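So, here come the structures, one by one.
Below, subunit A partners subunit B and then partners subunit C, in two separate complexes.
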Partner chain A sequence: MMMVSMALLVWCGGWWLNGRLANSPASNTSAVKLLVPAIFGVTLLIVWELLVRGLEVSLVILPAPSVIAARFATSLPILWQDFQQTILKGALSGYIIGCGAALLMAIAVDRSDFLRRGLLPVGNFVAALPIVGTAPILVMWFGFDWQSKAAVVVVMVFFPVLVNTVAGLRETSAMQRDLMQTYAASYWQSFFKLRLPAALPFVFNGLKISTTLALVGAIVAEFFGSPTVGMGFRISTSVGQLALDMVWAEILVAALAGSAFYGMMALIEKTLTFWHPSQRG
Partner chain B sequence: MKTVLAVLSVLAAIAVIWYAACVPMNIKGVLDAAERSGAEVVPATARERRDMGSFGLVATNSFAIRDVWSQDRPRLPAPHQVAVELWETTVEKKITSKRSLIYHGQVTLSATLLGFVIGTGLGILLAVGIVHSRVMDMSVMPWAIVSQTIPIIALAPMIIVVLYSIGVQGILPKAVISAYLSFFPVVVGMVKGLRSPDQMQLDLLKTYNASLGQGFWKLRLPASMPYLFASLKIGIAASLVGAIVGELPTGAVAGLGARLLAGSYYGQTVQIWSALFAAAILAAALVALLGVIERLVLKRMGVQA
Partner chain C sequence: MKTLLTAAAMALGAASVAQAADEVKLQLKWVTQAQFAGYYVALDQGFYEAEDLDVTILPGGPDIAPTQVIAGGGADVTVEWMPAALAAREKGLPLVNIAQPYKSSGMMLTCWKDTGIAAPVDLANRTLGVWFFGNEFPFMSWMSQLGISTEGKGEKGVEVLKQGFNVDPLLQRQADCISTMTYNEYWQVIDAGVAPDELITFKYEDQGVATLEDGLYVLEENLNDPAFVDKMQRFVRASMKGWKWAEENPDDAAEIVLDNDASGAQTEEHQKRMMSEVAKLTAGSNGALSEADYQRTVKTLLDGGSSPVITKEPEGAWTHVITDAALN
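Entry: the complex of A and B
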C-alpha cells in the first residue's frame, strides 16, 4: 500500500513540476522543452516500478523497469548478436536495396508520363496493403537466413519511397521548369539542379516512414522461420518460455534502433534540405 | 480515360510478368513430378538438376512448361490458381466452415474493427487533451512522435501472452494490438488538425465572446476533419496489420494470420497467396469505406471535398 500511495505521490509531483515548468515564462527555451518530456518519462518509469512492486504483480507477467534494465545489462552479447542479425543484416541491407531500387524506378516513372499514370495508382494502392503478409512466401523462397528478411524489407519499403519520390519530382512549378529550358539545360542538368533538390523533402518523408517499416518487416519475417538468432526469433521463443524480461530487453533494443535509425535519416534530411521552410523554423 | 488505360496496361504487364515468372520458379518441381511419373527428363535425376539454373532446365525440357501453371504446391502459384482458390474458399464454402476465407476474414476483421474503434477513440481524447493543456502537450507529444519510430509490432507476442495469463483471450488481445497501432497516427493527425485553425479565426471567435467549448465544437473540430480522416486511413491499415501479426506468434487457429502461418507450415503456397490477397482486399475495402464516409461527412459539413 505504501508503494502504491508513493506512486500516486510521484505522479502528482511530476505532473505539478511539469505544470510549473510548462506555464513558466521560460517554457519556450529548449532546455525546458527537453526537460518536460524527460520528467514525464522518468515519472512514468518510477510509477511503473512502484505499482508493480506495490500491487505485487508477478514479475513474470509484467517485469519492473529495474528487472528489465538488469536483464538488458547482463545479456548484452546476445542482444548484440540479435541486433546484428536482424537490424544490420536483415533490415539495413533490405532498406538500402529497396530504397535504391525505388529511387531508380521513380526516375524511370518520372520520365514516362504513361508509366506515371499507370504505376502511381497501383503503387499507392499497394503501399496501403498489409505487405508484411508476404513474409511466409519470401521466407520460403530465400531460405531462413537474413536474405529472406532483407527481401521482405525490400518489398515493404519499395512502394512508400516510390510514391513519395514520384510526387516530389512533380513538385517544381511550370515557371521554374521553363526557366531551366530557357537556359537550354538538358534533362539531367535540370534533374540534378532543380527537380531532385525540390523533391528531397518528399523523398525523405518516404525514407523516414520506411525506417520503421524496415524494422517491422525484419522482425515479423523472423516469426515465419529464422536461424536461432535474431530479434524476432528471440522474442517469440522468450515469450514461449515466459521470459518476458528478455522480450522487454529486445523491445528496448528495437526502440533504440528505431529511434536512432529515424534520427539519422532526419539528420541527413536536415543537412540536405536546410533551405526548405520546414527546416528553417 | 487515359489514366484508366494506363492502369489497366500496368496491371496486364504485372500479370504477364507473373505468368512468365512461374516458369523458372516452378520448373524443378514439375520436372521432379514428371520424372516420378516416368517421363523422359534431361538431366535425368533430381540431384543433377538441383545445381542447374532454372532457365537451363526450361530450355532442355520445354515439354514441361504447360504444367508449371497447374501444380498442386508450386513455389509461385499462377494468378488463376490463386483466383480459383479464392473463389472456392469464399463463395463455394459455407461461411461457418473452417476452410472458408470469409470465416477467417471476419475473425480478423472483428479484431481489427474493435481495436480501431478503441484506438481512435482514445487517440481523439488524448489529442483534445493535448490541444487544451500545455503540460500534456509538452510532456506527451514528444513521446507520441518518438513512438512512431519504434517497431511496435515487437510488442504483439508479449501482449497476447500477458493478457492470456491474466485470463483475457480471444478477440481482445488482438484488438489491443490493433488499437495500439492505430492510436498514435490518430493522435498526431488529430493534434495537427485541431491546431489547423489560424490565429485570425481564433481571434474572430474571441470577438464573438465564444467559450472554450463553443470554439472547440464550432471551429476546431470541423477544421480537424480532413486531418482526422487522413490519419484514420493510415490507422485502419495499421490496425489490420496489427490484427494479422497478433495471430502469428501464438499459433491462433482462426484468422487470416493463422491461415498464413498454417500455409507456411504445411507448404500450402496457394493457401498463403489466397490469404494474402484476402487481406489485401480487406484492407483496400476498409480504406475505400473510410473514403466514402469522409466524402459524406465533409459534404454534410459543407466542406468542398
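Entry: the complex of A and C
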C-alpha cells in the first residue's frame, strides 16, 4: 500500500512541478521546453515501477521498468543481432526499394493518364490487403530470411508513398505551369525546378508514414517464419517462454529505432522544404 | 395465478440449482480439435454435470499463450505442454501439473526421404523447420545429444527455421525436415498428395527426448484452497472419464468435437483420423502423472544445449493430490 500511495504522491508532485514550470516566466526557454516532457516521462516510469511493485503485479503480466532496463543492459549482443537482422536488413532495404520504386512509379503515373486511372484504384486495393494474409505468402515466395521481410515492407510502403507523391505532383497551379511554359522549359526542367519542389511536403508525408509501417511490417512478418534471429522472432518466442522482460526490451529497441528513423526523415524534410509555410517560424 | 406462482417458484428453484454447480474455466492450448476430445466428450456426455460442475472450454489459437491466460486469471486450469509450463514456473508463474492425460508425445520430425536422410546423424548440414513458442526445447536437446550445433549449416551444424503452423516449408522444399504432430500436420503433408513412403519420420518418443504434452496445470496458490482442490478432483475425474470414452468411441468423439467447433474450420475426415491418432497417445494414462516420465522431461529440458529452457531442477512442479483422490 505504501508504494501505491507513493506512486500517487510522485504523480501529483510531477504534475505540480510541470505546472509551475509551464507557468513560470522562463516557460519559453528551450531548457524548460525540454524539461517538461522529460519530467512527465520520468514521472510515468516511477509511477509504473511503484504500482507494479506495490500491487505485486506478476512479471508475466507487466514487468517493472527496472527489470526491463536490466534485461536490456544484459542482452545488448542479442538485441544488436536482432536489430541488424530486422531493422537494417529487413526494414531498411525494403523501405529504400519500396519508396524508390514508388517515386519512379509516381512520375510514370503523372505522365500517363492511363496509369493514373488504371493503377491508382488497384493501388488502393493492394494497400488495404492485411499484412497477416500477405506475409505468409511472401515468406513462401522469398524464403525465410530477411528478403521476404523486405518484400512485405515494400508492399506496405509502396502505396502510401505513391499516392502522396502523385497528389503532390498535381499541387502546382495552372498559372505556375503556364509560366514555366512561357520560359520554354522542357518537361524535366519544369519537373525539377517547379513541380518536384512543390511536391516535397507530400512526398515527405508519405515517407514519414512509411518509416513506422516499415518497422511494423518487418517485425510482424517474422511471426510467419524466420531464421532464429530477428526482433519478431525474439518477441514471439519470448512470449512463449514468458520472458516478458525480453519482449519489452525488444519493444524498447523498436521504439527507439522508430523514433530515430522518423526524426531523421523529419530533419531531412526540414532542410529540403525550408520554404514551405509549415516550416517557417 | 397459483399455478403461475408455483411455476415461477420451480423455475427459480431450478435456476438456483443450476447456479450451485461449481464453475470451471478450462483454457485449451490450441484451437478446437480432437487433440482435446476428452474434455468435449465429458461436457457433451454430461460427465461434468454429474460431478456438479459447470465447465466452460476456452479454445486457444496461434495468438493465445495459455500460461498468460491463467496468469491473468482468465482460466482456472489450462492444457499446456510441460516444457512451456516449467519455463513459466522458472519465470515466476508457479504452475503445477495436477493430471497428465497424455502418456506419449506426438511430436516428430518429418523429412523428405529423397534428400538422403536415413538416420538422425544425417540431419547435419540440413535446413530444419522447428516450432518455437516453447516447443523448440525437445529439439534443441536432441541436437545437443547428437552433437549438432543449431547455429547454422555446416559439417556439424543445422540451419534452423522458425516454422509457422503449416507444412508449406516442406512442400516448397524450403526445409528438408519440419516438425509435425502424429495426429495433425503429418496428415496435412499426406493430404497435400505426398505418399507416406516418400517421407521419413523421427518420433521424439523414439529418440528419447520426448517431453510430456497436454497436461492439466493450475496455479500453485489455488491448491491451498480445499474448495478448489475438491473442484479439481471432480474435474479431473470427469475429464478422464471423457478421455477413456473418447478412446473407445473415436468416431463419435470426433463428431462431438466437430459439433463444438465454433470456427467451422475442421473437417470430419481430419478429426476422425486425429482422434484415432490421439487415442494412441492417451492410451496407457489413467490421468496420474508418471514420475519417470516427469524426470525424463526435466532431464531433456536441462540438456537443452546452448539455451536450456530451465536452468535448475524445478521443485513442486507436480502433485498427485488431485489424481490420488480423483481416481479412487
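Everything that follows uses one rule, which is that the second predicted complex is superposed on the first by the 269 of 281 C-alpha atoms of A that agree within 3 Å, B and C clash if a C-alpha of one lies under 4 Å from a C-alpha of the other, contacts with A are read in each partner's own complex, and residues count from 1 in each chain.
Methods note: a contact is a pair of C-beta atoms (placed from the backbone, for glycine too) under 8 Å apart; a residue touches a chain by one contact, two chains touch by 3 or more.
Bear in mind the structure is a predicted one, so any value in this text is a computation, not a measurement.
Look at subunit A after the overlay: subunit B and subunit C clash there.
Of the two partner chains, both subunit B and subunit C are touched by A:136. Within the superposed three-chain model, A:59 lies in touch with subunit C and out of touch with subunit B [touch as defined at top]. Of the two partner chains, subunit B is the only one touched by A:18; subunit C is not. Residue contacts after overlaying the shared chain place A:144 against subunit C, while subunit B stays out of touching range. Judged by the touch definition given at the top, the superposed model places A:194 against neither subunit B nor subunit C.
Residue contacts after overlaying the shared chain place A:101 against neither subunit B nor subunit C.
Of the two partner chains, both subunit B and subunit C are touched by A:224.
Subunit A is touched at more residues by one of its partners, and among subunit B and subunit C that partner is B. Once chain A of one complex is fitted onto chain A of the other, the partner contacts of A:239 extend to both subunit B and subunit C. Residues common to the contacts of subunit A with subunit B and with subunit C across the two structures: 61, 136, 139-140, 223-225, 236, 239, 242, 244. Partner subunit A is touched in their complex by these residues of subunit C: 65, 67-68, 71-72, 84, 87-88, 91-93, 132-136, 150, 159-164, 166, 168-169, 172, 174, 309. Interface residues of subunit A facing subunit B in the complex, by the touch rule stated above, are 15, 18-19, 21-23, 27, 32-33, 36-37, 39-41, 61-62, 114-115, 117-119, 121-122, 125, 128-130, 132-137, 139-141, 211-212, 215-216, 219-220, 223-225, 231-232, 235-236, 239, 242, 244, 247-248, 250-251, 254-255, 258-259, 261-263. Put simply, subunit A touches subunit C in their complex at residues 58-61, 136, 139-140, 143-144, 222-228, 233, 236-237, 239-244. Residue ranges of subunit B in contact with subunit A, taken from their complex: 2-3, 6-11, 14, 75, 134-135, 137-143, 146, 148-151, 153-155, 157-158, 161-162, 165-166, 233, 237, 240-241, 244-245, 248-249, 256, 260-261, 263-264, 267, 269, 272-273, 275-276, 279-280, 283-284, 287.
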